[in-house]
Amino acid sequence: MTIIRVFEKPKLKNPLLVEGLPGVGNIGRVAVGYLVEELKAKKFAHLYSEHFFPFVMLHENYQIHLLKNEFYYWKAKKPGQRDLILLVGDCQSLSPNGHYEVIEKILDFAEGFGVKEIFTIGGIATGEIEEKPKTLGAVTDRELLAKYRKSGVDFTAGKKVGYIVGAAGLLVGLGKERGIKGVTLLGETSGFPIVTDPKAAEVVLNTVTRMMGLKLDMSKLDQRVKEMEKFIKKVETLQRKALTNMGKDEKAPVKEEEQLRYIG
Amino acid sequence: MTIIRVFEKPKLKNPLLVEGLPGVGNIGRVAVGYLVEELKAKKFAHLYSEHFFPFVMLHENYQIHLLKNEFYYWKAKKPGQRDLILLVGDCQSLSPNGHYEVIEKILDFAEGFGVKEIFTIGGIATGEIEEKPKTLGAVTDRELLAKYRKSGVDFTAGKKVGYIVGAAGLLVGLGKERGIKGVTLLGETSGFPIVTDPKAAEVVLNTVTRMMGLKLDMSKLDQRVKEMEKFIKKVETLQRKALTNMGKDEKAPVKEEEQLRYIG
Amino acid sequence: MTIIRVFEKPKLKNPLLVEGLPGVGNIGRVAVGYLVEELKAKKFAHLYSEHFFPFVMLHENYQIHLLKNEFYYWKAKKPGQRDLILLVGDCQSLSPNGHYEVIEKILDFAEGFGVKEIFTIGGIATGEIEEKPKTLGAVTDRELLAKYRKSGVDFTAGKKVGYIVGAAGLLVGLGKERGIKGVTLLGETSGFPIVTDPKAAEVVLNTVTRMMGLKLDMSKLDQRVKEMEKFIKKVETLQRKALTNMGKDEKAPVKEEEQLRYIG
Amino acid sequence: MTIIRVFEKPKLKNPLLVEGLPGVGNIGRVAVGYLVEELKAKKFAHLYSEHFFPFVMLHENYQIHLLKNEFYYWKAKKPGQRDLILLVGDCQSLSPNGHYEVIEKILDFAEGFGVKEIFTIGGIATGEIEEKPKTLGAVTDRELLAKYRKSGVDFTAGKKVGYIVGAAGLLVGLGKERGIKGVTLLGETSGFPIVTDPKAAEVVLNTVTRMMGLKLDMSKLDQRVKEMEKFIKKVETLQRKALTNMGKDEKAPVKEEEQLRYIG
């Protein structure tokens, strides 16, 4: 059960899908979240799944919130720009096979709007405080190297990292199977968990806006990141708490004096 | 495989679905169970699922009992009251994704009877003995705040709790996706496991009956809770035992002298 | 993926399904296995499932053997006897939800032959060496108590045990939902794992043959149990080994010097 | 979701399917990989699955690579040879039930090309350094013993090993259910993980080429194994790392001062 609810069916011209779901340093989440806000992109669909955590969150004291991924669109204003579908959200899949199912659903949906290219944004945990974080990149097709090398991406991500887990990797990996081209952009960050890294996010944002022919006012980034961080931290803490409690249940000791005996 | 067996198809007028499945303090289970008994509500369907524990229970020495959730209905007697569908049961889903599947099945079923509003009842574990437990609440739609604030619900659950796990949360969260309005009512309880908290249940029962235009004789609550508790405790103990045994199997040491060798 | 392969479609008259899959003390496995051999019942179908362990066994040095459950039939010879479908096998489901799926498949199959009554045979682990083990029983329908009380079953299993895990419980529990009547027969055994208890199996066999109007030569039981035990022990050991190895993989330490870093 | 993408539909005459996926000692992976290279077999399809690890790998610094199994074909050149379908790949299923699903998909695909016989190649972990490793074998049908005994296979694998996990076992076990004959060839190796054993691979390669009427130049084996090993090691390390990280997430401690409380 993975469901996409569509509120509006915008006509988009050769749109680029840009993904920024929670992950290492929450760089993708923060970067694409800032894009959504600064571009005033419009929400037109959301997705929920049995592969997300089985709980709802409470916002602003009283509001029940189902865990979701959200789709926004933005239409190009100038030559050199492209229509965009921006994908952000609360979480990724809880189970390994769920990742594949959710991503395939997203790709089905994106193909319906004619998506032929995908950018995914994530972080790479270097284990060190990065003074001058770079944007590392990887691609599904060699020709993309030439196309985007001018934008300042260091396409040697494979030297520093062996794999890309979850949406940032599978969206482009599974997309390639459908003939969709993909670029993964990774901001260098220390990688300590539950830390949102606005510096790395800014570096990636600069790269990605260059690649899309956009100019973005970055002055509000720090403040926005702080606002987003509160929410991101909450989801992360709750998910961790939920996992811990699930685990606890499974290990709860059973007192010996309980005289029930078991049959097979 | 989640199956609902229907014994009777009652004609109900704008029924309210009220859920009380096992959870923290078993407040929902006890409160809605008491509603079923005091209103003499009639069982008309039950649900079982591959997502429940893979065992049957033994009742009254000899009786084999499949784990189930049960649906009861009650028809309004007076103006200001509403037809009710009451949902109680032995257990919730064992697996995270199972929660979503079971809840969607329940919502499909409820929609067939024209359900447009859901109350879910649960407990909130405060970690302390609560002298004067309150009913905390959360809603899916802002307008419900005004509608139900008079009933004494403290709609600031989000201040004390970040999420609502399982049926109490997902029924209203997923219900909202179908245009069904939802209220979650949470009784404050210490939250130590395997404890049924009749005091908190009474507080929530008082709230919820007020919200439904009902008057309930509470004098039998203590005794009924004691009766129910025996059963609830048994299910909980068995589930815990089953989980422990499942776990044990997986960690059973294999003696080295067993000379079988393994191939891949 | 749970598949039943059928070799022959026997015409059976109101057949009784008797299940004896591996479990506590392997009492069901041994008892129904002995029935198969002494009655010279004929194999007519087998079942395999993605919910079984993902390995094949090696028999007689060179023979590859897929894990299976097997169906045998036997036709009544005298008045007072009934046609039988005997269900034995190598294993039960590995995953909790798999139990439900496999059992539903078995019930679909049994219904196709007109099965209206099921006996399941298992063991009850008492934690003590039983000098005079009894056959404890439980039923899905009260009327079965009267029908079978004369056969010497002690229908107070619920006093000693709270639940019945797996096929022995779910076959009758889920069967009841289809209008099939069910009796579970449980031999008292100490319950130490990887022990096959021929004494308890004999007690249950005596009971069950009485219930079915059969007379069985028990003189070969001890020897047959020894033969079967070798095989049963092997499957159990391999399953335990497989589980341990699966577990080991998941906990394998990763050396810190491996300089690969991870991305999200 | 297990998908096979087909690039070409070769006409093959009674082809033999030869499987060599990663496993103990990576003997199958290395042996069939060498066959692919030396025979210049042609890739005509690949398979990916939700049961594989939810990540992509990075090759040659910049290239995104989805985890896959790959099918190659080779047409017989001389009398006494047979058309071949060679199956190699990055990994096997992550979940127990996934093994069954992926293997069934492979069998569906193989049947479409008229496959009536399968060889699977794996390793048997003996726990000791093997001076003169042998090729042990097992079969699904007794008649295969006579057919292949001349080739030097020691068909007493069952003496040394109780089961065969994953593709090497299930391909022939499930294949038999479709009337496909199967031989499993196992090279003796010490079995320490993350070790590729070229000596055992060579022994099995000699056996299998004899069985297929092929002559192979083995002089490049050592070098090829070294090249392959780098890649195999990387996948293994990443999978282990991924599993460890998944595990870590689930056990992450939650600080007590986080004042969020949990509801059920």
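Points worth noting:
Letters A, B, C and D name the chains as they come in the text, with residue numbers starting at 1 for each one.
Everything below uses one rule, namely that a residue touches a chain if its C-beta (ideal position, glycine included) is under 8 Å from a C-beta of that chain, and two chains touch if they have at least 3 such contacts.
If you're wondering where the values come from, they're calculated on a predicted model, not measured in any experiment.
Where the sister copies subunit C and subunit D meet, the same residue numbers recur on both sides for under half of the interface positions. The rotation relating subunit A to subunit C, fitted on Cα atoms, amounts to 180°, rounded to the nearest 5. Measuring from the averaged C-alpha position of subunit B to that of subunit D gives a distance of 47 Å. Spacing of subunit A relative to subunit D, judged by their CA centroids, is 33 angstrom. In subunit C, the residues that reach two or more other chains under the touch definition are 157, 161-166, 169, 234, 237-238, 241-242, 245, 260, 262.
Subunit B meets subunit A in the complex at residues 93, 96-97, 99-101, 104, 137-140, 142, 145, 155-159, 161-166, 169-170, 172-174, 176-177, 182, 184, 193, 234, 237-238, 240-245, 247. By the touch criterion given at the top, residues 1, 3, 5, 48-66, 94-95, 98, 234, 237-238, 241-242, 245-246, 249-254, 258, 260, 262 of subunit D touch subunit A in their complex.
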